[in-house]
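Take a look at the structures listed below.
Here come two complexes built around chain A, the first alongside chain B, the second alongside chain C.
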Partner chain A sequence: MVVRSWRHIKERYNLIGVICKNCGTVYFPPREICPKCRRKTKFEEIKLSGRGKVYTYSVVHVAPKDFEKQAPYVIAIIELEEGAKITGQIVDCKPEDVYIGMPVEAVFRRIKEDGDDGVITYGYKFRPIEN
Partner chain B sequence: MRDVAIIGYGQTKFGELWERSFRSLIVEAGVKAVESAGIDGKDIDEMYVGNMSAGLFVGQEHIASLIAEHAGLNPIPSTRVEAACASGSLALRQAVLNVASGASDVVLVGGVEKMTDVVDATSAISSASDQEWEALFGATFPSLYAMMAQRYMYEYGLTLEELSMWSVIMHENGSKNKYAQFPFKVTLEQVLNSSPVAEPLRLLHCSPVSDGAAALIVCEAEKAKEFVNEDDIIYIKASAQASDTIALHSRESITSLKAARVASEKAYKMANIEPKDVDVAEVHDCFAINGLILMEELGFCKKGEAGKAVYDGKIAIDYDGFPAINPSGGLKAAGHALGATGIRQVGEIYWQLKQDKEVKDRQVEIKNGYGITVNVGGTGGTVCVHILSNKK
Partner chain C sequence: MVGIVGYGAYIPKYRIKVEEIARVWNKDPNAIKNGLLVYEKSVPSLDEDTATIAVEASKNALKRANIDPKDIGAVYVGSESHPYAVKPTATIVAEAIDATPELTAADLEFACKAGTAGIQMCMGLVESGLIKYGLAIGADTAQGAPGDALEYTAAAGGAAYIIGKSDVIAEFNGTYSYTTDTPDFWRREGKPYPRHGGRFTGEPAYFKHVINAAKGLMEKMGTKPEDYDYCVFHQPNGKFYIRVAKILGFKEEQYKVGLLTPYIGNTYSGAVPLGLSNILDNCDGGERILAVSYGSGAGSDAFDITVTDRINKVKDKAPKTAYYLERKEYIDYAIYAKFRRKIKM
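So, the complex of A and B:
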């Protein structure tokens, strides 16, 4: 479990995805091949801006053990500017203020209080963009 | 390919069965299935068992061998099949292919899950989603379906009342099912006021954490007559399966289940019927929103219109002119013992089509003689559809 959560630190800390130069699709998280192009895949790394809009969300009340202290919290799917959609929490606002279409940006935060193995996991969460 | 039939079915009660072990559940279901088919252990050529995660829930893997031994069926081949909550129907599909191919004549197919031995079932269940890119960030299973519901409400204007009516009807049906985990009725107000789990979903929009097992006897159609009356043979007219992305965020649309659409279209073609020919359906309502989406994917109503059909009571057992949906009470009221669910759904349709005394209090009127099941793994990464008929 420790290795598994470390293996993706680069992508999780820096929002590094891949773009397929054959079809133009952006993927986050990175994957091995482009499902649309298969062996014609031409992947390059792409640093994502972290800006996007809330595509959908839910306020979680019944949480897994590792997240109990954070409940209730908002989990969401964010549609990034570059096109990929990703799952993450929305923080720094009241759950009732979140709406579909809300502009958000990624911030670097502690994800879990305590992992299975006592390891703290860091990564991205999202917060509203002030305007 | 040979024709395949079902000649027997049995199940345990679903629920928080503290006094029951994993082994005792599956053996009880298997013995009941064997008895109802009037066969003997030595008639069984092979067995399959659907199970999502005995490893996480009871710390036991290699359960195919364990079950064959405890059922007294050694040394026949025994195989476990896993696809999260769709494990049961995938096991059935393997049995169907096995009998159709001529490899075996009689196959026992079970499904089992013992979920209440762990303290944190929410974490164990989340292993059916993308662990590294969904669960790691705090997405729970109910919350993934809640995000589908939220988006569906936004795109189609579904109301919480319409969604909640699903649960009212499921509990109404479940109140007539002695094997159901929650054999009692609930009101619309109770659903709307139940505690929030993952908004917009509340407790009474969710299937529960359940223990349970179910088993079917699958047999080559000609040979079936050696064991049961011709009237009691139910034929498997289609068995179809499709896949989609494991993570919800990777889908183009999260208000539809593409794998369900692909599998059901394929199944209708195999059975040579249309949605309007279906008398009765068992759909995978792990959360109320999935019941609605599956009604649309099965072609019972247009996209965005399921909520209204439910609110108008069209899915009820006694409504004329629309398929009766989940006479068992569905996953909502009958319970959802993950690996057992796909088998239990088919078992209900088997009973309904042969008008078995087990379902006399909730018998659907059988006009065309067709029933359909749809069993979903995860948030739709695996979907398996079966069509059954009382006609060969």
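So, the complex of A and C:
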């Protein structure tokens, strides 16, 4: 649990993905090979803006153990400005107010904790962009 | 001269009204509202804590500062509600703003004044040339025991300040601190809620330290209350704040912009940093500010600040304090108890 959380800190705290310089496709989380370019893959790290819109979403009523107290909550696929699609929770918003196409931005939140004496995992979630 | 390069605020979205807390404990809400001058307070969501508040405020400060986060040489997070007893909040913040790994970082605790203590530490490091920029944050998710007087005010929020020497939006003309051993409020190791000395938190604690720090600074600078356009003091409630401002000789137009506690409660280490961020949002170049924090235990840090013309270039680069003050959703006591983890399962 500790090492698994720690290994993902860079990408989960700062939304670091990769961009293939050969075809321009952005991937998150980072991967080793661009499926479009295969051996011509030329990856570079890219810091994603965190801004995007809701591509699709689901309201979770029956939650896994670590998330029971938060139910019902919204899990969405967010299409980021850079083109990558990433999964995240929507916060500061009632489930009934979420809609496909809703503009959102990344926020830094607690994701889960390993009991009351274990490590706390932090990372990105998304909230509606107001105004 | 050393000054503020960027600043940013953050307040959680949820609020609970004094009426709702008073309903549960069968108290008269009007007596509390009139007695404390507090109407509602901010409540962090289940997934928010001092680290997440500090990160949001720091990101806003970076938007205004327009610097490379890798140039930040020190991160200090002042709070009395760090998520871990052992394991720094400051490393989480430094990583989340991409300032790591070449920097020093530490958590500070001094009740409600740990944030301003961090500002002073950054001033020293910047002035001496040891670092280019320092980041000082005051943030809290304060807890009051159920039914205790503190439950009406203990709130959540924070603000971050990037301290540097170039492109400052405000200059520190001077700082002065006043500190004694005064046990007016404390929380022992392993205990979930603090205890306090009731009326003892007033005259020998809050008023003595805030007044002496303000007077000490004005004597050092050779200034009088009328030399300042704005003032901000620690604000455990609205009543203490207004009383200390009047005792020191400040007028309503000087103290009203910095007073946020009536609408968000006491954000502890975040209180003076947030009051100051609201003043910076609303002031102009050339204006002068007196800011005095207070931490139980006890001590006060006072700052004499002059805003530069650059303020108008950066104000709108991040959400203003007023945005967070107005962004709110009311919750009842049951949801509040759940969000604040008061229900044990």
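Simple rule for what comes next: the second predicted complex is superposed on the first by the 126 of 131 C-alpha atoms of A that agree within 3 Å, B and C clash if a C-alpha of one lies under 4 Å from a C-alpha of the other, contacts with A are read in each partner's own complex, and residues count from 1 in each chain.
Following the convention adopted for this analysis, contacts are C-beta pairs under 8 Å (C-beta built on N, C-alpha and C of every residue); 3 or more make two chains touch, one makes a residue touch a chain.
Computed from a predicted model, the values in this text were never measured in an experiment.
Trainee: Report the partner of chain A that touches more of its residues: chain B or chain C.
Mentor: Counting contacted residues of chain A, the larger count belongs to B.
Trainee: Taking the superposition on A as described, I'd like to know which of chain B and chain C A:I111 touches: first, second, both or neither.
Mentor: both
Trainee: If you stack the two complexes on chain A, which partner ends up touching A:Y122: first (chain B), second (chain C), both, or neither?
Mentor: It touches chain C, and chain B stays clear.
Trainee: Who does A:K69 touch here: chain B (first), chain C (second), both, or neither?
Mentor: A:K69: touches chain C, not chain B.
Trainee: With both complexes overlaid on chain A, does A:K53 touch chain B (first), chain C (second), both or neither?
Mentor: After superposition on chain A, A:K53 lies in contact with neither partner.
Trainee: Tell me the contact category for A:N14 with respect to chain B and chain C: first, second, both or neither.
Mentor: In the superposed model, A:N14 contacts chain C only, not chain B.
Trainee: Between chain B and chain C, whom does A:I86 touch in the aligned arrangement: first, second, both, or neither?
Mentor: Once the two structures are laid over each other on A, A:I86 reaches chain B alone.
Trainee: By the touch definition above, which chain A residues appear in both interfaces, chain B in one complex and chain C in the other?
Mentor: Looking at chain A, the two contact sets intersect at 70, 111, 125.
Trainee: Within their complex, state which residues of chain A touch chain C.
Mentor: Going by the criterion above, the answer is residues 9-10, 13-14, 47, 69-70, 91-92, 107-111, 120, 122, 125, 130.
Trainee: If you look only at chain C, which of its residues touch chain A in the complex?
Mentor: 13, 45-49, 51-52, 55-56, 59, 83-84, 92, 95-96, 98, 327, 338
Trainee: Within their complex, state which residues of chain A touch chain B.
Mentor: 4-5, 8, 29, 55-67, 70, 72-73, 75-77, 85-89, 95, 100, 111-112, 121, 123, 125
Trainee: Within their complex, state which residues of chain B touch chain A.
Mentor: 119-120, 122-123, 126, 132-140, 142-143, 146-148, 150-151, 154, 195-201, 247-250, 254
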